[in-house]
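What follows are several structures.
In the two complexes that follow, subunit A is the common piece, with subunit B as its partner first and subunit C second.
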Partner chain A sequence: MFYLFVSPWVLGFVLLTALPLGYALLVSFTNFNGVSSRWRWVGTRNYTELVRDTDAISSLMRTLAFTAISVPLMVAGGLGLAVLLNRRLKAVGLFRTIFFLPSVVPVVAMAIMWKLIFNRDGGILNAILEKISIGPIAWLVDPNAFYALIILTLWGLGGGMVIMLAALQGVPVELEEAAVVDGANRWHVFRHVTVPMISPIIFFQIVTGIIASFQIVIQPLLLAETNQVGAVAQVPQSTHLYMVQVYQEFFANNRYGYGSAMLWVFFLVILTITLLVQRSSRLWVHYQVDSEAER
Partner chain B sequence: MLDRHISRRRFLAGSALAAGGAVAVPLLGACNASSSGDGEGVTLTVMYKNNELTKEHIADFEAKNPGIKINFVEYDDTRLNAMLASNDPPDLVRGPAVGSASGNAQGLAAPLDAYLEKSSVLKKDNLMAVNESFRWDGKRSGQGPYYGIVKDWSQDATLWYNRALFEQAKIPPLSTTEPVSYDELLEIAKRLTKKSGGKSQVYGLGVEWAWGLSSPIHMMILQQGGQVYNADLTETDMTTPEARRAIKWYVDFAQAGVGPTSLDPAPDGADLSLFLAKRMAITQDGYWYGGNFVKEPDEIKNSVAMAPAPVMGDKRISPTYVGWGAYIPAKARHKDEAWKLMEYFMAGPPSEERAKSGWGMPGLKSQMSMLPQELPYQKQAFQTAQAELQYAEPLPDSPYVTGGSWIDVLNKHITRAIKKEVTVDDACKAITDEVNKLLKQGKDQIG
Partner chain C sequence: MTVVRDPARPAIKPAPPTPARRPRRPADAAGTYLLLMTLAVLFAGPFAWLVLAALKTKAEWVALPMKILPEAPQWGNFTRALTEINFPAYLGNSLFLSFVYAILITFSSAVVGFGFARLRGRGKRPLFVLLLSTMMLPQILTLIPTYVLFAQVGLVNTYWPWVLWGLAASPYLVFLFRQFFAAIPAELEDAAIIDGCGYGRIFIRIFLPLSRPVLLTSFLLSFTWIWGDYIAPALLLDPDHTTLSVAISAFYRDPHGNPDATVQAAAATLYVIPVVVIFLFAQRYFIRGVVSSGVKG
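Now for the complex of A and B:
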């Protein structure tokens, strides 16, 4: 009976994850171009080429930098908003809705909206900055496109806020009150009681944030001035992230074999970083254990 | 209890069977979707753009061909690749004439000569020269059998300009008969450009940068008497004086700040909105661009004019960059019925509608006279386009590299040169190395 219950997931995993992964692994050892039947095995050539591919390595470094900046901002921003909205304020529900709303806007609509906001000549952001004698700033080209992409990403931190809010509301009030009785100020309570209590949620946010941040591809493409033929060509260098490079190899250069090798290497990079974060969690993530139940 | 009877091995075996079944069902379904039922006629799978092959066209075709139904699929490169790779291609697909070499070399399209010889509406001697780019003899395009038919096309390097903006800048308008040189064009663009507070109020010239620089650069090289590829299309050299001059022109253009570039992109990635807003004086677009102005106010219609393609060098060439049309995949199941649709779409009512609308020149000689000439600008554009025909020349098309790759490589290195991260010479060398690497990979793939 157990196997019947898990079979939907197993089928989904096999068909939608394991099979594509295995297929991509096979393709990564070929020179397949996506359409031609004239492909052949090339051994590890795609992988050895990747090691020497300066564009791919640069894009990987850029992705790491983007992740290192955006994930802490996302987590801290989500937590900050959650703390602000975890109070007994008038119309707090309205505020929570307002802050959460951007995260339910489809990414395409969001990117197009920000593209208009960031527009150098007609964008509202430059119009506001102009009032205080700043600009105009070309947000969508190098090097500013990198910051524009981070702002765009942060726009969706309402999703993280909701999860943090749920975590904050699960912190036992008596623990915080006990700390206050012991003489802790608000910061000490937050630092030494609240944060440790919600650290599993922070850990979850960091892991999922890292994975999502590594996989970003739509946003840089949409922020760029793209068209069908030269979609990748117009992506500024500063937002030419690893997945954009993969997209280029697949759909501009028709190098499915090489693109698959890039994806497999990326999979291993993400796996390694996730495992490192997992390992680090022993040092800072605190799980509430019911010792009675454990016995 | 059921769980007693399902061992782990049986479960895994069952899962594998179910997985196999789940994979097989859509494939079988796909087969059914495009195969003919006994006595029920044929269902053609057609991949096109719905604003080009419209619902009305499909309904009209189906009414005129009762045995044929159309399963329309919106054009999508990724989906097309998947369909071709799974040996379940559409029966008729949208495709470019210039750029067809790669697919033809890989045997993706079916030869159409046998159909052309039998056809009463699509005849070889009625095809405009642009259709030659769909020909492939096994080694190069331009000769051998036809593998596609052009729907409509334009000589894409021609210029459209707004006379009112020229008058405001006190600059004589461009000649509608004699081409301007690229160097002169850049100087004119500088004079037409208006900037204020770091913003561009009026751009002097748009070159549709976001649509790619490969075709215009190839044209510039040919205009100077240079070559884009070696004899067997397996290598390029962008360090030649001709290529360097072409690339340098784009670097100078961008550094002059007279038009949208990769470092100063147009808000929506195309020149049209700027041109219609009278914020761009000249835009480099083909005859088809005139279709945009028909419903515009008189102040636009009465101000626009079309000029010949500019020249860089002694040889006047005015090519098409793409020439969109259609082909029948080699593994299409219903080639005969697909050809009927090809005849209807390329020579029937839809083609006549297109020709009369002015959204591009027809692929058939017999339809050239249908191009609109009611409005003054339409008449002028018609005359300029007619005069440009004698300078039409196909751009080189190597089967070993895609247009998308060319565009990406050129844009990357030209942008670096504009930012002065590298010299123009270094950019030319890097472009050469990178494209040659792709050409080598393509050659390795295709053989």
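Now for the complex of A and C:
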């Protein structure tokens, strides 16, 4: 009975996750171009080429840099907003709604909205900057596009905020009270009681944040000045992230074999980083032993 | 993991005013409000700017110095957004795909969630760990090879991929259902088993009706995933059969081939409104979905 009930997911996993990944692994050892049936095995050539491909390597470095900047900002921002809203204030619900709403906006609409803001001439950002005699700045070209992408990403931090808020509400009030009785000030309570208590959630946010950040491909494509579908060539250097490079190899250069090798290398990179973060968690993540975990 | 409550509802243990949480001085509260309001303007600003752009003439949009408000609201931009491209057809495609996918994946995930919550089988634990770890697998990694495979078997430019994805259950929704089902008392199904009820009927007659809030959460979340998805339709569907998300991102062009910013803004407004409205009415369900995804120990 168990197998019957879980079979939709098991079949789905085999056919729609494991099979495509395995297929990509096979294709990564060929020179397949997506259409021609006259492909052949090329051994590890795609991989050895990738090691020397400066475009690919620099796009990987850019992705790591983007992640290293945006994920801490996202997590800290989400936590900061959650702390602000975890108080007995009037209209807290309204503020929570306003902060959370952007995280449900579809990526296409998000890109259109931010292009209107970052627009060099009609955009409101430059209009505001002009008031303080800065600009006009071309936000969507190098090197500023990188910061534009970070701002757009940060706009969606409300999703993390509601998770943090739920976590904060799970912290037993008695613990914080006890710390105050012992003479701790607000910052100390936060730093030494609240943060350790919610550290599993912070950890989880960091892991999912890293994975989400590595996946970014659509935003740079849509933010590029003209966004003909698949017009990878228009993407500025500074937002030419690794997945944009993969997209380009597949759909602009028709190098399916090479693109598949890039996907597999990325898969291994992400796996390694996730495991490293997991390792580091032993040092700072505080797990409560409680019956819930022992289900 | 500690129990995490739906933040949209009052906490189970209503927090008494504590030194840690209560703003202590009036000036403190005023400062907090000032900060919150500034942030609210930053977060809501893009919505306002989108609507303002949608109501401007083309000349007003590029005017220097900039005009914040349009002279007269250009409702015509909305009419043009609806007629310049085949908006109703793309809307239909988006609605159809989102609806079919949401129904299928909600049902399939509930079935699998029931299996993991209430049934026994060898290898259940490793399977569940595998399920959780696939949530960590970036979907973009599988999407491109999936597209290549679908192209080889002639599924490109059909709606079958969404049916297949829908039938395959989502690890994330499985987890949502599993958590909910696991909390339902065993007496209910024990009684049903004594009455000679099979697990199929127990699931349909007892567990599904009890899980209406989770079903709704799952439906709303998965509906908005497809409604908002760009890359799958961009890869799999040709321009005549694609969804609204792809259409509004690229199809609005002025006669010179440049993006038609004000009409596109109007179209984007129409495209976002359903999401915002659903969200405002069902905020509780969204938050429940997001929170339960983020809070597994």
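Here are a few things to note about the model shown:
We adopt the following convention: the second predicted complex is superposed on the first by the 285 of 295 C-alpha atoms of A that agree within 3 Å, B and C clash if a C-alpha of one lies under 4 Å from a C-alpha of the other, contacts with A are read in each partner's own complex, and residues count from 1 in each chain.
The rule is simple: a residue touches a chain if its C-beta (ideal position, glycine included) is under 8 Å from a C-beta of that chain, and two chains touch if they have at least 3 such contacts.
This one's a predicted model, so the numbers in the text were calculated from it and none came from an experiment.
Residue by residue along subunit A, subunit B and subunit C are tallied for touches, and C comes out ahead. Judged by the touch definition given at the top, the superposed model places A:34 against both subunit B and subunit C. In the overlay built on the shared chain, the residue A:222 is in contact with subunit C alone; subunit B does not reach it. Contact with subunit C, but none with subunit B, is seen for A:169 once the two complexes are overlaid on the shared chain.
Using the contact criterion defined above for the overlaid structures, shared-chain residue A:3 touches subunit B and also reaches subunit C. Contacts of A:43 after superposition: neither subunit B nor subunit C is touched. In the superposition on chain A, A:121 makes contact with both subunit B and subunit C.
Within the superposed three-chain model, A:158 lies in touch with subunit C and out of touch with subunit B [touch as defined at top]. Once chain A of one complex is fitted onto chain A of the other, the partner contacts of A:183 are absent, as it touches neither subunit B nor subunit C.
Residues 1-4, 10-11, 15, 19, 34, 116, 119, 121-122, 130, 226-230 of subunit A contact both subunit B in one complex and subunit C in the other. Residue ranges of subunit A in contact with subunit B, taken from their complex: 1-4, 7, 10-11, 14-15, 19, 31, 33-39, 115-116, 119-122, 130, 135-136, 138, 140-142, 224-234, 236-237, 248, 251-255. Against subunit A, the residues of subunit C that register as touching in their complex are 1-7, 11, 13, 15-23, 29, 32-33, 35-36, 39-40, 43-47, 49-50, 53, 61-66, 68, 108-109, 111-112, 114-116, 119-121, 124, 127, 130-131, 134, 136-142, 144-146, 148-149, 151, 164-165, 167-169, 171, 174, 182, 199, 203, 224, 227-231, 234, 245-246, 248-250, 258-259, 261, 264-265, 268, 271-272, 275-276, 279-280, 283, 286-287, 290-291, 293-297. The touching residues of subunit A, when paired with subunit C in their complex, are 1-6, 8-13, 15-17, 19-21, 23-24, 27, 34, 81, 84-89, 95-109, 111-114, 116-117, 119, 121-122, 124, 127, 130, 155, 158-160, 162-163, 165-167, 169-171, 173, 176-177, 179-180, 186, 189-190, 194, 197, 200-201, 204-205, 207-208, 211, 214-215, 217-218, 222, 226-230, 243, 246-247, 250, 256, 259-260, 263, 266-267, 270, 274, 287-288, 290, 292-293, 295. Subunit B makes touch with subunit A in their complex at residues 1-3, 6, 8, 11, 15-16, 18-19, 22-23, 77-78, 81, 84-85, 103, 106-108, 197-200, 210-212, 260, 262-270, 402-405, 407-408, 410-412, 415, 419, 438, 441, 444-447.
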